[in-house]
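Which chain is which? They are A, B, C and D, in the order written, and residues in each are numbered from 1.
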């Protein structure tokens, strides 16, 4: 079940657009029993979509913003995402509340402590499994890709630009380009 | 299971790129028991990927090129796509060999008889279900979107541009932009 | 003298963006004594910029919208574009008021009568000289390029997408993609 | 006089594409008596084009590659760019051979010593004047923009993506996206 943008309950803050969400999630290559982590979950669109694919597994969404947390809660209910657990707090602070390892990690939010988040949560990613990151800024994509390569992840970086047609004459309206990093943790480190 | 580009057995002709394939297939919103049609199947990458998602359903791939047919056959075997049926011939000519209705249609090839293909096969698409089309030319996307709108489909058109990073300094290499049309057949016509 | 977007007096309606204006005008390869025509001149940004390059020549701006005409007048004054003549009316209607031939024609507005405009004003373009057209819709670019090719112009078509960095972390903000057609009238027809 | 890509004598190495050259040079806002510097001049396409605009001024092209130097020499001759001076060597090494201040600097090549080049040659740029830089890699654009901002330049960064139509049906062929930085040296530092 692919959920469209307009089906999610949304706030004022920007939400990962459908095609970006689709490509990002496909990079995680999710099996139905995967245990997944979404850091900086925002409206929860990625978390909820992942929870429907990993319906025998679990998704943990970490978010610190009060308004966003309300939206994730609402979207969880709307889509009956019972296997979605929401944790409130800054990613670094709540790490000890989060148990076990993950089969995939999605990082959509880009706070200031990117290096720490990648380094700490990367240790929770099972070897051979994948971390997917979305960025809208040159600075964050530069930092993230170089951090990941230094940590010996094998990485893929794409920039995705989408224009959407509008009106009878099919005017092209551009969405902002998004960088998507796919980083696989090495099996032998 | 998401199949990567490099896993498919490929010929000289261009193949739908991973992210385009992912977005296109997600627009079809495939359920596991769907019956799907791929017109102009090329290497079969979309057909095979769809057959893994609709594992309780069926995928029919139509292709006229001999070399392409060989590749589809090989990819079918490699990925054990037992629910994939391959039909040789030009789309218009083989229509009578193809029985029943479809829950989704993908048109990736863009032969000269676009209007006929859309019109004839559109009648095989269940009302409420979706046809997805990929184009690389201005002329074909213009023709297809206007044909579909005249036939009262509700349409969405996006242009997707991907650049892929290469090398240590992360040089951006552009792939050619692709137009993706998603056209839903109206329930009451 | 290159005029920046923010230097022009602007209204509510969209203005050709600096880089699009620069590329479009460069395609006209303007000499300082050229006689130029701008059909659908909008705020007059292209007209004024052309008039500074063709300072020994002349630019004629055609525009029908009252508000736009006021803006062109203001920009003409601001930049002392004395060789810029403004004609009020729909392009087709005012054709008889416009004398002589042109060394270059720019069409930025895309009214409904594209075929007529191209056909009528094309006859005013000196053989070997160039018409440049900007479009934001699939339909208009398709129509224009095919009309021009049928009229035996030699054509070049590009799509130009620009993102502009914003903020300390260099977030990329996309502008809508623009199609630019450059059409050279054949010397021997 | 706008020189088209195909008019330049070219080697195997990539050349700044016409539209990128046009936009980059327009950002320099060249007056006819400007004194300009082109660091990493490659085939000399930017140098030669600048020398035709600053026909009462001077252009100095710095290049270290033997083959590229031969191409610059040939293009200088072909376009009678008499006000173009070619200096052989690595940018940092030849600095003392280069006298005086500049009204504009273009950096198209991206060697390893970006920080040094920007810092050293930036001192030769007249206050209020502009340095334009082209990059194809995430790493270099990140480094350059941050170096320039630290040096208190006021900066603009755009990413420019061009697709060129090919064939009767107008297939869009993508060129690699280019980052263009325009950095103005502050008048009071």
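Criterion: a residue touches a chain if its C-beta (ideal position, glycine included) is under 8 Å from a C-beta of that chain, and two chains touch if they have at least 3 such contacts.
None of these values were measured; they are calculated from a predicted model.
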item: Selected pair, greater C-beta contact count between A-C and B-C; value: A-C
item: Centroid comparison with chain A (C-alpha atoms), farthest chain; value: C
item: Distance from the mean Cα position of chain D to that of chain C, given in whole angstrom; value: 27
item: Inter-centroid spacing, chain C versus chain B (mean Cα positions, whole Å); value: 39
item: Centre-to-centre distance between chain C and chain A (centres being mean Cα positions), rounded to whole Å; value: 43
item: Overlap residues in chain A, where contacts from two or more other chains coincide; value: 138-139, 142, 145, 157, 159, 161, 163, 165, 170, 172, 177
item: Sites on chain A touched by chain D in the complex; value: 138-139, 141-142, 145-146, 157, 159, 161, 177
item: Of chain C, residues touching chain A in the complex; value: 136-140, 161, 163, 165, 167-177
item: Touching residues (chain side chain A, partner chain B) in the complex; value: 1-2, 18-19, 22-23, 26-27, 29, 31, 142, 145, 156-165, 170, 172
